[in-house]
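Just so it is clear, A, B and C label the chains in written order, and each chain counts residues from 1 on its own.
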Amino acid sequence: MQFTARDISFLLNGTIEGDASATVNRLAKIEEATEGALSFLANPKYESFLYTTQASVVIVNKDQVLTEPVTATLVRVDNAYSSFAVLLEKYNSIKLNKSGIEQPSFIHPSAKIGEDVYVGAFAYIGPNVTMGDNCKIYPNCFIADNVTLGNNVTLFPGVTIYFDCVLGNNVTIHSGAIIGADGFGFAPQPDGSYQKVSQIGNVVIEDDVEIGSNTTVDRATMGSTIIRKGVKLDNLIQIAHNVEIGANTVVAAQTGISGSTKIGERVILGGQVGVVGHINVANGSQVQAQSGISRNIIDEGKKWMGSPATGYSDHMRSQVVINRLPELEKRIQELEKIIKEFKK
Amino acid sequence: MQFTARDISFLLNGTIEGDASATVNRLAKIEEATEGALSFLANPKYESFLYTTQASVVIVNKDQVLTEPVTATLVRVDNAYSSFAVLLEKYNSIKLNKSGIEQPSFIHPSAKIGEDVYVGAFAYIGPNVTMGDNCKIYPNCFIADNVTLGNNVTLFPGVTIYFDCVLGNNVTIHSGAIIGADGFGFAPQPDGSYQKVSQIGNVVIEDDVEIGSNTTVDRATMGSTIIRKGVKLDNLIQIAHNVEIGANTVVAAQTGISGSTKIGERVILGGQVGVVGHINVANGSQVQAQSGISRNIIDEGKKWMGSPATGYSDHMRSQVVINRLPELEKRIQELEKIIKEFKK
Amino acid sequence: MQFTARDISFLLNGTIEGDASATVNRLAKIEEATEGALSFLANPKYESFLYTTQASVVIVNKDQVLTEPVTATLVRVDNAYSSFAVLLEKYNSIKLNKSGIEQPSFIHPSAKIGEDVYVGAFAYIGPNVTMGDNCKIYPNCFIADNVTLGNNVTLFPGVTIYFDCVLGNNVTIHSGAIIGADGFGFAPQPDGSYQKVSQIGNVVIEDDVEIGSNTTVDRATMGSTIIRKGVKLDNLIQIAHNVEIGANTVVAAQTGISGSTKIGERVILGGQVGVVGHINVANGSQVQAQSGISRNIIDEGKKWMGSPATGYSDHMRSQVVINRLPELEKRIQELEKIIKEFKK
């Protein structure tokens, strides 16, 4: 893709200063940009970069005052930051604008495929799959029997969806994520071995959910593991069977949520957090990275930390004393010595 | 799949109350069931659901007394719970009853394939692979040179088995699990760089093992990484090179076991546990979630917690005091003040 | 592969004692070897195994004195350990010596492919990919648009490289690793939902890097996530957007590094470590397993432990007292009692 300053100015309804025919073919930060890059300056703090940048074109605010000569072509707009965000999204959507059915791919004759979809080579669409419009199924994806996808679903390469799962509209799943594998259910036997408990439920993912690379969401034993509208899951997360995650909750990488636990709405879980099974975590809870939640959280909107987790400020107070423990022990010894003297 | 109450009654040797031609096409919990679902009532505590359920057919105990009218067709059996478990397993095995060789798949001419196997499209069976009967190799799986699989092995979509690995009978591996990638072995060099240590061993997985999604089991440097009979591994677990895991041990999600460590039999490791390398963990040990095992565990059947882990009850006692540390420090200050007064 | 003692002796410039026509077809530890195996004895401590081993051929040091009869054929060399390492590497490179383009694979006509490459079946090479010589792309790999690979790059089965990423020479990536998926960037909206921030940067991986199974390295929001020369990453690691990892740094399994953090050179991070975003970790830092790094580390070459991490020896001192906390509390109570008596 190649654009001139004139193209960009037209697109953003801006005005040009400098060479209108300057061409760019990529986006870059103003301080890292090289020739052929398009950049932007929104924060006046970084004005000095404007005079040293190698970018060919820079988007600036309408009212940006220049105090030194500039070599880049400038495109002046009302709001440089939001204009750049517009370009960024457009750029991304052009990049990801795949379409058509590549060969060889496997589409079962009983599958119902919507309009304007992309199915990459080596993708597998199983029996009775229903897929909405504008879906993009990248190469090496696997969609099992009876899965339903809404509109505008994107599965990046190598995503696996087990049978019977249901995905809403505008769901994006990154490479290597596994949706609907068996929950970890085994019944202990008298001889010390374990017998498999069949996992016949499914996973339901509502609209506007994004799921990161290599994250695993297990199917329910019966019923559904549910990821509500607007949830964002980072990479390498474990969601166990029969978990429910409330709307607009955000979970950072490598966190694990055990079976049948219900996470509320607008919760924020940091990275590497663990949550035990069969509990509830209240709406708006915020849990620091590496914490372990071992019991119900009932009060909404509180901060938690530690393993097992306690209130954030309680935890920080204890933590400070922990670092002084050896000194504290010496003070106790000192007191004991004095008391012993007194007693004599 | 569609069944009538009559079919189900016949299969379970039960008796029918209500419309024998009522049809069902799925299983559901009694409180969540909708029309067309088959459900069961085993626990008398939930009797009230029997009168409100939307299920079309419900399996109940022979001696279940009705105190209100029921709209669903009832199938009475000796034991509703175990009858339902029978159906559940049958349902699951029908769902997973794939067979035949789908095209395009890649089967090297030197591979020996047993009877009644399923090989999905885009699956890759390398040179000199030996595969037993009734194996199911789903799409996008990769089985490298010289791998041996027993009978009844199921590899869900996207499983990778590196060369020379050996799997026993009735092994189930979920999507994205990687068996036999190189162990993490690098020798530090004088210039600060690292030289790769070739990893030429393999992974041996005995009978009746189940391995979860995106779990990684590394090959041994030399010899074998061994997963003994009946072991169950959850998702996103790391098993390093030359580890051995004893029979019937269960490991929860996101736990990591470092190189050359030997875990005993009937051990239970919680989620996000870490175990250092080159140690032994005694038979029957139980380790709480997020613990770190940093030295040999010699006594069998004990509970462990914390990072580094100590005995469970010791840990809990210390934990309680940690939460009181700020208060404890104040009490020490108070004592020091009083002593100072005394001294005067 | 089958070799005689004579072949091996010739290759290593050694001398034979025993049957020169003894054949071997695999490598094994001396204490585990069975007939047909080649082994070595370097450490005199293990001499006794020489008299009991079932190996067909054993490599020993030139000056090894025998005190009992030996059944295996011996090959005497200057240094048994380094001779065996040579064989081990040769053995491994023969095992992995795949070549040619298998069918069906997908290579976009605009891709530029070097000489002597291997492209496995079901591998996908997208538009405008540039690939150097001697690359091995195993089955089910996906390489997106505009990706650049240097020479001698090995991607084991099922590796995914998103668009625009750049890999140097001698890079090895194990199965299931995902390079260049979107960073976790979402802007909170007034209604509690989140809006995606387009991630248009890439990942740059320099020469001699090895990356383990199912590890995820996210693309930068803008600019590059950078893995410097000689870095070794174990399995199931999370590297967030805009992270930079310095040359020859080693990271153990299941560790996570948050966005925009810069890890120095020759750093060692243990397993399950977490590092927060937007900080620097000094060159040569060593971080114990399960630690949490929550702030800048400025001093080079120090050891760290705990969550949040403190200096290693400070942490160990506090840890010792933590285990004595219940006893400590009793001592305080005792002092309070005595003081109370005094006061009376």
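Throughout what follows, contacts are C-beta pairs under 8 Å (C-beta built on N, C-alpha and C of every residue); 3 or more make two chains touch, one makes a residue touch a chain.
Treat the numbers as computed from the prediction; the structure is a model and nothing was measured.
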Type of chain B:chain C copy interface by residue overlap (half), same or different: different
Equivalent-chain rotation between chain C and chain A, CA atoms, steps of 5 degrees: 120
Distance from the mean Cα position of chain C to that of chain B, given in whole angstrom: 25
Shared interface positions of chain B, touching two or more other chains: 104, 122, 140, 158, 176, 214, 236, 254, 272, 307, 322, 328, 332, 335, 339, 342
Interfacial residue positions of chain C with respect to chain B in the complex: 27-29, 32, 85, 88-89, 91-92, 95, 102, 104, 120-122, 138-140, 156-158, 174-176, 208, 210, 212-214, 230, 232, 234-236, 247-248, 250, 252-254, 265-266, 271-272, 289-290, 307, 319, 322-323, 325-326, 328-329, 332, 335-336, 339, 342-343
Contact set on chain C toward chain A in their complex: 104, 106, 122, 124, 140, 142, 144-145, 158, 160, 162-163, 176, 178, 181-182, 184, 186, 192-194, 196, 198-200, 214, 216, 218, 222-223, 236, 238, 240, 254, 256, 258, 272, 274, 276, 292, 307-308, 310, 314, 317-318, 320-322, 324-325, 328, 331-332, 335, 338-339, 342
